[in-house]
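I have placed the structure first, in the form of structure tokens, so that the comments after it can refer back to it.
To keep things simple, chains are lettered A, B, C and D as they appear, and every chain counts its residues starting from 1.
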Amino acid sequence: MTVAAARTLRDGQVCFVGIGLPSRAANLARRLHAPELVLIYESGTIGSRPEELPLSIGDGILAESARTVVSVPEIFNYWLQPGRIDVGFLSGAQLDRFGNINTTVIGEYDEPTVRLPGAGGAPEIAAHCREVVIVMRHARRAFVEGVDFVTTMGHGSGPGDRCALGLRGAGPTTVITDLGLLEPDPETAELVLTAVHEGVTVEQVRAETGWELVIADDLAVTAPPSEEELSTLRSMRTVGENGP
Amino acid sequence: MDVATIMSLPEAVAELVHDGDAVALEGFTHLIPFAAGHEIIRQERRDLTLVRMTPDLVYDQMIGAGCAAKLVFSWGGNPGVGSLHRMRDALANGWPRPLEIEEHSHAGMANRYVAGASGLPFAVLRGYLGTDLPLHTSTVATVTCPFTGEELAAVAALNPDVTIVHAQRADRAGNVQLWGITGVQKEAVLAAKRSLVTVEEIVDELEPTPGAIVLPAWVIDAVAVAPRGAAPSYAQGYYDRDNAAYRAWDAISRDRDRFTAWLEELKGRAS
Amino acid sequence: MDVATIMSLPEAVAELVHDGDAVALEGFTHLIPFAAGHEIIRQERRDLTLVRMTPDLVYDQMIGAGCAAKLVFSWGGNPGVGSLHRMRDALANGWPRPLEIEEHSHAGMANRYVAGASGLPFAVLRGYLGTDLPLHTSTVATVTCPFTGEELAAVAALNPDVTIVHAQRADRAGNVQLWGITGVQKEAVLAAKRSLVTVEEIVDELEPTPGAIVLPAWVIDAVAVAPRGAAPSYAQGYYDRDNAAYRAWDAISRDRDRFTAWLEELKGRAS
Amino acid sequence: MTVAAARTLRDGQVCFVGIGLPSRAANLARRLHAPELVLIYESGTIGSRPEELPLSIGDGILAESARTVVSVPEIFNYWLQPGRIDVGFLSGAQLDRFGNINTTVIGEYDEPTVRLPGAGGAPEIAAHCREVVIVMRHARRAFVEGVDFVTTMGHGSGPGDRCALGLRGAGPTTVITDLGLLEPDPETAELVLTAVHEGVTVEQVRAETGWELVIADDLAVTAPPSEEELSTLRSMRTVGENGP
């Protein structure tokens, strides 16, 4: 999954990185095919090149290895908001068929079953980046028909919703999971299974997806991780041990 | 002009932090003012509105200790580890007391501090579009651009009664210098009615340092020396983040008894 | 991401500055991009809207050379010396061509750049109250705070077609570093559709420097080396302000013939 | 005049300094009775302690001797606008009986007799500082019944005007000229002559004032410059020669 996510990033892109899986994948891409990938973290670090993976989005290693560090208001107002970032790289607790993300609550807002961390930078990352890539483990309780709370809007309730709200970025263009890849259908904006990882069956993916999953006609199989990808991934150490 | 007074941390908290205050302890993963938070716990402040973009362990501890009536925030977790269990327990079970929340996005919270620091009642941003957040907070609204007619989000200014931040150093006159990830600290201090800065050390002269910001003594009420005052978070140039402590907190905070034992131990220690 | 291309100043002006553009040359008393302004004069750009908080000698020269159709500004003088005589001549007598003006306060102009850099159509400030300025510009209006009902000033965003600034140095990848009084340069560059940075020198590595800001290569279109490119203003760490040249300009600019001779001499010199 | 202006500043005050006479007077005060005076210039320098006088508000000497330097938007938004500055120190080309300042045009805006530099930072300095001190040479063409253009509002058209507009600072509290001191009458907000410099007559002041000048009942005579004041003033060198 991390390798597949890393592959979505192209060299020279500017990437606004959420913590956890996205940070791991973005840093893998930078070590492989995208050495000029510009990593921006919401703590204000621009152009970070950490030698070890950070545990939080504000680790010292991000500041020390950055091209420049700016304030938190500046990173959101001057760098994210005007639409200068190519890719926003996010994760979530729940994702629905239109790519909307929930990181706020499972259940009712006022009496939740599970209280999640909340929005952080995600709503505006998804609004303003030219495109959004989502990395999440594929599980039925996470891939739901409709999210309990829209923390971060993907394609809303279907095509045209982003446009109607004046959101300028394209929204989620790829969802990478441990089972395969989902991409929004250009007509319906609904997430469709476009590729599975080697050895994964469509039935497995369907079983872990909470909506009637549409399968692309030309369903692909992702290339297995290369030797180089795997060895680079294994060589990446997190500051501390219990990495993102 | 009133310049910062250099005093002890217990004195500063006693003088500046009152029951019922809106208190902001800021520091974005870096320079989190833990020592000051612990002193507020020791002095048993109550009914505080705790304001912070990223309630971290320090707010989990203060909530668990019963200091807070309300939390204003945008991301509440133990970064890289998991949940804030004391915050969850307060929300779900009202233990040790019920906790009200006011929830924003980071962009919204950052701009609320900017408005507060700028003496404006609100800030404008492109935000919250298509999300459920505005349904649950009264401090998000809309404004219309008088030139283009476009509708944008507005957030209400944040002006805490007191803001507390931690910095690397101050000079003897009370001027403060911090560098590395400086987050929203300048805005949080300038937005506040009163402010306290804890520092690693007091020096004769603030050597110019790349990336450093300076808060002049005349915008600060008190400076208190608190070596390792940001631990287990970090102070760039002084000490690293204690990731093991962040992970250890998960187990302590999951259990009320273990937390209570931790709390008693904290209260027994002098500041 | 398109990164900055390092090219010659004549190439950069030819490629980035077009007749009829809104052009901002910024630099608040420090790092004023004179060399770039002179190259625009040499390439005989016409019908420009010149945007700048403090039209200094550089805009007096460009206005006198006939480059400008309009001036957007907040303080137009020769600092410490007197008036800008070419600007006055254009306003009073339409020489060498009429000049339209759009006039603000510094706070208003600074916030117009902030809005432009932030991708917002307007900015809010407490400004212009009781002054006659809003009677004469359509880019000042009012907005009402949705939380308090208070009425505040709004100014329209500035998004120049091209912004030009001067900096101390760039690295070979086109990342730019400047320090000292950094004015409104970051905002002016980030607000612009295109941008050009002239630099004193290109270095292998941008040494971190106290007070420095960095503009990454991917927000800049072109970097051009222009040693002493800010003279007669100054570049901190490189050379001082040439106060004598500022005073000498007063006599040159008072007289059309002397100015014309100065202009011919400038055009004869290569960039 | 410079000495009298310097005397209005108290030690420890925070002063937003306009260029020219105000800068000269503020720097004199700092060398005399107010060593802890905090000087802020609109170029973004906070706590400048220049050894020589700057020619412009953005001279290198202001940045190099400053406690910190911030951006121009920041100096206006974070430092001036919220009302944290004690004194704004201004000058002007025209001043009227209510302390309104004109630095824009003499004559009509669209066809002026004299085009002046414009507003700069003055409108917001006068709006937000706790009080405003004005330093100007006393001349009939400058001290006028009504200014041709209100660049910077003083007391508007009389008492209550600032309050009605929501301006929180007290506005002009002292006008220092080469002939004496004017202060607003607490009842009428009109500038009244409260002191003359040694050797200056009321008639002289009236002759140089374009409105029916009211003279305070307890008209004072300012103390003549002391030896120390004069020698300090003479010792202040401007960067270059043709100082502000």
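As a convention for this text, contacts are C-beta pairs under 8 Å (C-beta built on N, C-alpha and C of every residue); 3 or more make two chains touch, one makes a residue touch a chain.
No experiment lies behind these values; they were computed from the predicted model shown.
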Provide the labels of all chains in contact with chain A and in contact with chain B. C
If you tally C-beta contacts across A-C and across C-D, the winner is C-D
Quick check: how many Å separate the C-alpha centres of chain B and chain C? 39
Could you put a whole-Å number on the gap between the CA centroids of chain A and chain D? 56
Distance in whole angstrom between the CA centres of chain C and chain D is 28
Quick check on chain A: which residues sit in contact with 2+ other chains? 77, 81, 128
Can you list every residue of chain C that touches 2 or more other chains, as numbers and ranges? 119-120, 125-126, 150, 186-187, 211
Linking chains that touch, what shape results: line, ring, star, complete or other? other
Identify every two-chain combination in which the chains touch. A-B, A-C, B-C, B-D, C-D
In the complex, go through chain C and note every residue touching chain B. 119-126, 139, 141-148, 150, 152, 154, 156, 208-212
Residue numbers of chain B touching chain D in their complex, please. 1, 3, 117-120, 175, 186-187, 190, 213-214, 216, 218-219
Contact footprint of chain C on chain A as seen in their complex: 12-14, 36, 38, 46-47, 67-68, 77-78, 81-84, 86, 128
Contact residues on chain D for chain C in the complex? 19-20, 42-45, 55-60, 62-64, 69, 71-73, 76-77, 80-81, 100, 104, 109, 112, 115-124, 127-128, 149-153, 156, 161-162, 165-167, 239-244
For the chain B and chain A complex, residues of the former touching the latter: 28-30, 53-54, 73-77, 79-81, 83, 87-88, 91-92, 103-107, 110-111, 113-114, 125-133, 135-136, 150, 180-184, 186-187, 211, 234, 236, 240-241, 243-244, 246-247
